[in-house]
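First subunit A sits with subunit B, and in the next complex the same chain sits with subunit C.
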Partner chain A sequence: MNLRRIGMSLIAPAIGLFISLAATAVILIAIGASISTVFSSMWNYGTSPRAMSLMLNLATIYFLSALAVSIGFKMNLFNIGVNGQYVLGALAAAVVASNLTLPKVASVTITILSAMIVGALWAGIAAWLKVARGVSEVISTIMLNFIAIGIISYIIVRTPIGTETSLNIRGTKAIPETGMLRGVAFLDPGTPIYGFFFISIVVGIAYWFLLNRTRFGFDLRATGKSASAARTSGVQSNRMIVVTMLLSGAVAGLVGLPYLLGDTGSYTLQFPTDWGFTGIAIALLGRNNPLGIALGAILWAFLDISSGQLILEGVPREISTIMQGLIVIVVVISYEVVRRYQVKSEQTSVAKALEKQEASV
Partner chain B sequence: MTYLKSRRFIGAAFTAITMLSITRTITGNGDLTSTVTIAQALVFASPIALAGLAGIWAERAGVINIGLEGMMILGTFGAGWAGWQWGVWAGVLAGVIFGAIGGLLLAVAAVTFGVDQIIAGTAINLLALGLTKFLAILLFTNAPGGGQAQSPPIKGEIPTFTIDSIVGPLTTLHEQGIFFISDLAGIVAGLFYNLSLLTIITFLLFVMTSYLLWKTAFGLRLRSAGENPWAADSLGVKVVQFKYAAVVFSGMLAGLGGAYLSIASTIYRNGNTAGRGFIGLATMIFGDWRPGGTAAGALMFGYIDTLRLIDTGNQNVKGLILLGAIILFAIGGIMLRRARRNSAIGFLILGSVMIGAYFSATSFPPEVAQVAPYITTLLVLATASQNLRPPAADGVPYRKGDHH
Partner chain C sequence: MSQSALAVELKGIWKRFPGVIANSDINLKVTSGTVHAIVGENGAGKSTLMKILYGMQKADEGTISINGSDLVFNSPSDAIDSGIGMVHQHFMLADNFTVLENIVLGSEPKNGIRLDFAKARKQISGIAAENGLAVDPDVLVSELGVGDRQRIEILKVLYRGAKILILDEPTAVLVPHEVDELFNTLRDLKKEGLTVIFISHKLDEVLSIADEITVIRQGTTVGSVNPHTQNVSARDLAEMMVGNELPTPDAVGDTIQDEVVLKVENLSVFAKGGKAIVDDISFQIRAGEIVGIAGVEGNGQAEILDALMGIESASGRVQFKNEDITNKSTRHRRELGIGFIPEDRHRQALMLEAPLWENRMLGHQTREPNSKGIWLTPRSAKADTKRIVEEYDVRTPSIDVLASALSGGNQQKLIVGREMSGEPKLLIAAHPTRGVDVGAQAAIWDHIRNARQAGLAVLLVSADLDELIGLSDNIKVLLRGKFVADADPATVTPQDLGTAMTGAGEAA
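Presenting the complex of A and B:
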């Protein structure tokens, strides 16, 4: 039975992957590209040590973003605001870290905490609006994303916090080397794996533990399955909403840090601002399960990185974005189809069992 | 329009113009109600309004459409590509068709397969973004005047109308600076200055929607699919067909909004929508899932955007701050009369803060105006969300005979 369940949970993503690969092949044929060249170019470049290192780094970012989203999902809260939460968190971290002259451990810890606090506070606005004013978090977090971008561009363009960085774009002043978390190079000597790669594994385990081994996690999952049943059994739903949003925001605050502390060392106007949406997609693929999310993040990062040299074959690298979109939509649909099939087959097997009983009576 | 409704509309318009006029008089900034400002605000507001209207169609039939942004993106691309190839009207048509394809995809995922609607919409946004960037590189890179991220110019122009006999005298009247009269003159003149045929079409689509959805049997059936699809089904309404029709039409409207954007900037450009699909969604909620309120929300966004972008002496944003303060005080006053003390105090405090800001600073950075519409939306939602009434079965997946 257990094997059957595992098989069923794998069949949906498998179908999804297959269909989206087929659809991608159709697109490639339509533009007159050679399927085998494209796929082998992606595979060959994607499995090179350098690309694998880049992939793990990117996957770290995606993993954290998807975890932040999925904490909310577990309770039917849709945190579209990871974008706003992480850019503000990263900016706060950059400002704090660049002003610290402490030993590495202390400096990085304080930096991480400040990013988490700022992310949580920004998410807290949406939580308050939902609990106290009944505003849907879907729309409030979208608004808060736009506001966050405005605040950041104000701070960097018009306050002394922003200066001209070495790359000729405005940003925060550089974080001293003691405040960085560059990581270690073990796949490719020139491309270190972010220190945050390991931190994100810890975060993933903590997420699993919190959700599956604590009272809070039980309440959270119960509220997600049936809010009314949870309320009846004594769960304070408003408190749960606030705590969940704060947690989600705190994890979201981490999303920009692997890149900030492992690479740029400064929050500039060119800091990516849409990793939150990627997180939503990966949380969907991974079904809010940390292992599933990790796999989804790696797949996503693989597509992003391995498409890097496709233009040499005359195919725009955006084919990977198309594949990602297709994978999400097809996988989500096939999850639903498989679920319906399961429900139906359960119903028939129960009906059969009942028939037998009646016959024997 | 019933007598009561038209009275309310005139009342709202009167109040809005009075507030604008007070602000204009205190600041002495004629730009706030000038012909050019209003005309430009209409151009900025229309795509957002179309996205909001698209949201109304889908959600009134019970399907949340987070994919508006993606459908708009498809519309911008369709218009850029076909407009460059065959002229501007082909562009409009292609924008609508591309948007419809996005809508169809959402309908298949959300209605046929019953996938969570927000999830399906998010996936469509992603897909649309990737597909358009991909196609842009393939189709536009080597085209004369095009590039990796933008199409060559769209051929031809949408006709625009300027009624000189109205605009001329009214603009002169606006320059006199008379309280209320001059502002009204500037606003009315703005409606007849460089008025695009697409804006007129947008307006007509709003009128058509109000009529179709609220005054016909078709509209009643469509809305019943969004309120209680099981009850509708028991009365013989073909719920799935209505949902399909509504969502595909929603995609067409969003696509038209996208086409409007491309045509207004004469090319397709990556990222031209800049979240306007989401903003349209906000205006729909702002407007309580109704055309009138949605249009008002879109106009607010368009107006603030215009003032920010034509701000030469950094004074427009300052004017907006004062306008915001006056509005907050007015709402605070209304709340006091309705004996909602806590809300009233909140508004009066916010209003005072803004008055303080107005008098303490000589100018404000454009970022203030950039975030103002979003903060306004949050404020509106925070104060009015108890009075807003979304369709009862909005976002609920429907399967025939599967009522829990």
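Presenting the complex of A and C:
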């Protein structure tokens, strides 16, 4: 029965992948490109050591972002504000780290904590609005994204925190090398894998434990499965909303750190600001399961990285964006179809099993 | 002339859901131009039947004929086309639209592509005048009370040309004088030649408005009566609704101890509009005592239970043993040893898409065998789920199947087993054996009796009057949120209780 359930949960993404690949092939034919050369050059490049290193690094970021989103999803709380939470978290981390002169472990720990606290506080605003004033978290987190970007621009452009960086863009003071977490190069000597790759694995495991092995996780999942039954069981919904939102924001605070501590060493005006939305798509793909999210993040990163190759084949690189979109839509639909089928088939198989029992008595 | 023609005739309607038969062999004849009431307990299958008649669900077997011709409804729009209109229990109105806009919504009169409000206004005031439904078409719905909203719902279906109106529990949300107004409206509609199907379980109301009454029990039609020609009382109807075929639980000896487990003083629960649903009730339950609440559903039972569990906010005072728990959380109350079997198991007692063993933890997630400290202990929770499955005869191939895969009765057995686990001091139970087969019912009664012997206090709400009389040490009758009578289970009959429950005895 359990094997069957695992099989069922793999069917949906498999169908999704297949259909979206087929649809992409149709688009490629329509624009007159050769399917085999496009796919093979994406594959060849994507499996090179350098590309794989870049892919794992990007996937680390996506993984954290999707985890942050899925904590909320698990109880039907939609944190669309990962963007705002992580940019503020990253800025705070950059400011703190650039002013620390401590040994690496202490410095990085303090940097991580400050990013998580700022992310959590920013998400906490939305939680407070929802609990105290009944504001939908979807609306408030989206609005808070814009506010966060505005605040950051102001801080960097107008306050002494922002300075002219070496690249002629304004940003925070460079983090000293003792505060960085560069990582190790084991696939490609020129492209180290972020130190955060390993931290994110720990976060993923912690997420699984929190959800599946703690009372808090049970309360959270119960609220997602049936808010009314959870309430009857003694879950205080307002408290759950606040705690979950804070947790989601804390994880979101980590999203910018792999890049900040592994690469730029400074928060500049060019720091990417839309990894949160990617996280939503990947959380949907991975079905809020850490393993699924990890696979989704790698797939997404693969398409991002290898899309550069498309230009060389004379194909617009937006093809890969189209693929990503198709995958999400098709996978989400097939999850729902499979879920309904599963519930139905379990009902009939239970009924059958019982009939047999009855007959043998 | 056409008075005796049948507006609706249902023959041999069957509807099965996985694990449940909602309707079995329903036969119904509704004469044109009459008010026809359908009465039955909650869960008797009234709503399913009406959904079939309105095209929202398809019957597995049976025929529907409207005005003499057999029809098949694939969707509500088919039903609307044949002149059937439904007024839902919960109003389907847009608050920020005017009355006029709400009425035309979905079937707007058009002049080219422009909305022709002038025409709609004329039509509506015509319909309103004919049927005595006075409403101002330009008021926002948000400014109107419940009675007005219901009139708009009726206008809505009349505007769509309905000749047969289905009213689903229309009086549930109304105060008495609004009920009178509604009944006047219904009499006007009847005069206009319309047919009204009226679903209710309030027997005194049904007797005052209906020309014919059909009783549904456990998914099937058990009989029809004509209150004009036959001399029927609310008590007769209650008897038909409840039936007398179940095994009677026999009360065993007196186990009541001195210790007061639950003491409730001046408990009131108010609806949003300020109407008291539970109205200043007080009672107490001692260890080893079962106090039963008799009453037609919807008279405040669910609200009392929710208030006692701390789910619904209430005024008054609740004391558990020596502790004042009035302001304590639901979790705190559960941890004190209060078990809860709610009325609506799907909404309040189960996670349908979670395995049985996770459902065993629900409501008990802070205690052994489900958790230790902050950590869950799935292994011992699973072992204990197996124990419940065995002791309570839950028919399932495994404890890993989703709760939704079990039949309603087996879900109920799991819930009862769960709530009886961990040696509760007080059990708050609504319909503990609803949907459970006869053998398992007796087993659940035994479990409750044994626990009572050991000092369990029980608050029992049940629609099954035999169960209530057989198990309870004391019975209180609840009507419109108040205790109106006490009954001694040793001497009372289901008929007496039925009379008191419906308030039919008040006049006498």
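As a working rule, the second predicted complex is superposed on the first by the 345 of 361 C-alpha atoms of A that agree within 3 Å, B and C clash if a C-alpha of one lies under 4 Å from a C-alpha of the other, contacts with A are read in each partner's own complex, and residues count from 1 in each chain.
Convention: contacts are C-beta pairs under 8 Å (C-beta built on N, C-alpha and C of every residue); 3 or more make two chains touch, one makes a residue touch a chain.
On a predicted model such as this, the values are computed, not experimentally measured, just so you know.
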item: Contacts of A:217 with subunit B and subunit C, given as first, second, both or neither; value: second
item: A:350 touches, of subunit B and subunit C: first, second, both or neither?; value: second
item: Which superposed partner A:147 touches (first subunit B, second subunit C, both, neither); value: first
item: Which of subunit B and subunit C A:104 touches, first, second, both or neither; value: neither
item: Touching partner for A:231 - first (subunit B), second (subunit C), both, neither; value: second
item: Which superposed partner A:133 touches (first subunit B, second subunit C, both, neither); value: first
item: Subunit A - residues contacting subunit B, complex; value: 31, 78, 129, 133-136, 138-140, 142-144, 146-147, 150-151, 153-154, 157-158, 277, 280-281, 284, 316, 318-326, 328-329, 332-333, 336-337, 340
item: Touching residues on subunit A, where the partner in the complex is subunit C; value: 1-2, 212-219, 221-222, 225-226, 228-236, 343-344, 346-351, 353-354, 357
item: Parts of subunit C lying in touch with subunit A, wherever the complex brings them together; value: 18-19, 309, 311, 329-335, 340, 342, 347-354, 358, 361-366, 371, 374-376, 378, 395-398, 400-402, 404-406
item: Subunit A-touching residues of subunit B, taken from the complex the two chains share; value: 66, 105, 109, 113-116, 118-120, 122-131, 133-134, 137-138, 275, 278-279, 281-282, 285, 365, 367-368, 370-371, 374-375, 377-378, 381-383, 385-386
